[in-house]
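We call the chains A, B, C and D, going by the order they appear; numbering starts again at 1 in every chain.
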């Protein structure tokens, strides 16, 4: 019996859907892993919202330059054709819809595409939003990569988000360990199933009305 | 008997009031002449709203570069310490109040500082505003340089402008061939009189309530 | 491998359809993408809305496009110039719609369009004829006018150098409207005086990052040879 | 002759008064003007409102200013980090007011402040807790939130090189908030890693024109030597 994807598998799966020539922002955490799996025969331009296009891999020990970091404050490198710009230009690039793809993590995604990924809403939690709300609306396609269930078994693809929202109706596709879900105006379409799960099984596990893509 | 100032004299008079270190935009026409009289011992940085700080003199015959022009589309030169920027940044610089001084021409200025300098309002006239309205609000101090009377003897410093407005309450000082007028919230102050005119004579000629600066 | 380079100005503008809104860079002739405009004239698209600072100079470039009757409306700040006879005639004959915008407001509206800002409050033109019919608001002791963003189907711009990713740098005051227009159009087409190898533009000095450029074409070479890179 | 160069960080920040609003550049430690912050700490001004992307890292720089009780309020996007223990403690103890702003909105509000735009409609944060109580508007099929401009009495920024007119260039992603902050403060103070002769910065590559810089001071020299100019 084949199980669901592990985190590397999920990142790899997202990477396969990023086409040649795409301008892409990979969020902090699991989304960053996607860069490890980008097909080598595709030229893809990475954006980091702290002010750079053409970001290269994480810096090696002898390449570290503390003026050259990604949004997660990790030292990175610069590829030929890179450019630097200030924060107003960088977020204008996102808000203006110029990026092709943002890949984000999430606490919850609703079937209408609402995203919750910035704040647990806990009374004692210190809020910190950073670029999360800008990223949520910051690309032509917003992809979420997340495990389908929390550690205690709660489904994170939900009818309505209970966590504080990051953006409304902004998520296009959800890549999980069990399946890839396309969120469309007429419903949730299962694009691909991993391991031995079936769409019927997924519908039971999630309690959601799922539709299978024809063909 | 000493007459009023000629145009060079007016430009020279304005130039004497521009202090060391000032960032200045000189409008098209008579205001541009002011640059010929800037005291050589003062370092003054000229802005041209088509995207440059550190503009130098008009280009000589062997210096002409059609990519380097002023707002009047005349080829100019570049001084050490110059910088180029795009139109949004250039007008942000003006609108944000970063220039110290703008010098503008005018059809009319009202005693409350309203400026009319972009449009005669004639039915057949083709309107063209360019940067006029941005310049009108584009500096900490807006100076107008103009002859006090039209060719047919109408006073251009008026109680209320009859030409279409460029900006409201935006002019601080009016340099004319007869006098320098400071427009303050409590009235029009004659700062300096040229030639044999007196303040009383000016009040008669203009029909305006003028006050003389004490001392 | 990404390459946004197209072989000719004609190829670059081929898909511009009748009725398109087209931003055209330049302040007077500085930065005017003359070869792209000529290709557009040749291509034949009509009923265009043009966004430019001016409304054509002399009888070439934008003026020729106007003279050929291809333009329905022009959004600009300074149509009337000593050499704007083509515009003047069409406007007086009622054959061209004009939306007059203060120059800084024009620049800011285009920037807003590129940056996803829908509208903004500006002090420019408050109390003037150009603010008539517009929403105003008193904020922190000053009066402002609400202006909305401008976007376009195409932007035609001129840059100095560009690489295959579409990174662009400009020359002196020819930069003017191009960077904002590049960001505010669905399809931005740049003519460059010189194509350069990827990596030869200083990443600190790139003015228009390639993300904004869809196509670029090398034209002319009227400029003196320049040294590549930094 | 204009010279905005001051001799020490202490001189540069001497006139910052209690109650001042101070923008501080940097994204984390990249671009953080550490020597200016230390001089401000030494100088003693208190009851400050700080505008920064973060709320201090570790125990130095901005964190030290917070720890010393000099800050009344902080406007930022991302206070909570792995090393934000100083902020966390003060915030939990109710000793620090927090205004949380989405990062792109923070950048745009500062830019607006510098560019004389009073307020703007942005789609970011619509429908979220950060838009609560704010005016919204439906424009061309999309929902927007009205955000107002941010200005400050002072901006403390870090640049790579600067000349006596205050023209500045930055290094890589350390540029981040500095150019906007330089434009939005009454008094902008830049620490530069290297002062260079007038004329050695490429006018096409200047990021912050000198008009925005009131004072600059050379500090450190921790960076490897760089070649001046082009």
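Definition applied: a contact is a pair of C-beta atoms (placed from the backbone, for glycine too) under 8 Å apart; a residue touches a chain by one contact, two chains touch by 3 or more.
Quick caveat: nothing in here was measured; it's all calculated off a predicted structure.
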item: Any chain that touches chain D and chain A; value: C
item: Of B-C and B-D, pair with higher C-beta contact tally; value: B-C
item: Intercentroid distance (Cα basis), chain B paired with chain A, Å; value: 55
item: Whole-Å separation of chain centres (CA-atom averages), chain B against chain D; value: 34
item: Euclidean distance of C-alpha centroids - chain B vs chain C, Å; value: 29
item: Whole-Å gap separating chain C and chain D, where each centre is the average of the chain's CA atoms; value: 32
item: Set of chain C residues in contact with two or more other chains; value: 108, 111, 115-117, 122-123, 170-172, 203-204, 207
item: Residue numbers of chain B (touch at least two other chains); value: 78, 84-85, 88, 91-92, 94-95, 137
item: Chain-level touch network, classified as line, ring, star, complete or other; value: other
item: Set of all touching chain pairs, with the criterion as stated earlier; value: A-C, A-D, B-C, B-D, C-D
item: Residues of chain B that touch chain C when the two form their complex; value: 48-52, 65-69, 73, 78, 84-88, 90-92, 94-95, 119, 124, 126-134, 137-138, 164-168
item: Chain D to chain A touching residues, read off their complex; value: 27-31, 53, 77-81, 87-88, 91-92, 98, 100-108, 110-111, 122-130, 143, 170-180, 207
item: Chain D residues within the chain B interface of the complex; value: 1-2, 111, 113-117, 163-165, 167, 183-184, 198-199, 201, 203-204, 206, 209-212
item: Residues of chain D defined as touching chain C within the complex; value: 108, 112, 115-123, 137, 139-140, 142, 144, 148, 169-172, 202-205, 207, 230
item: Of all residues in chain B, those that touch chain D in their complex; value: 20-21, 23, 43, 45, 47, 53-54, 78, 80-85, 88, 91-99, 137
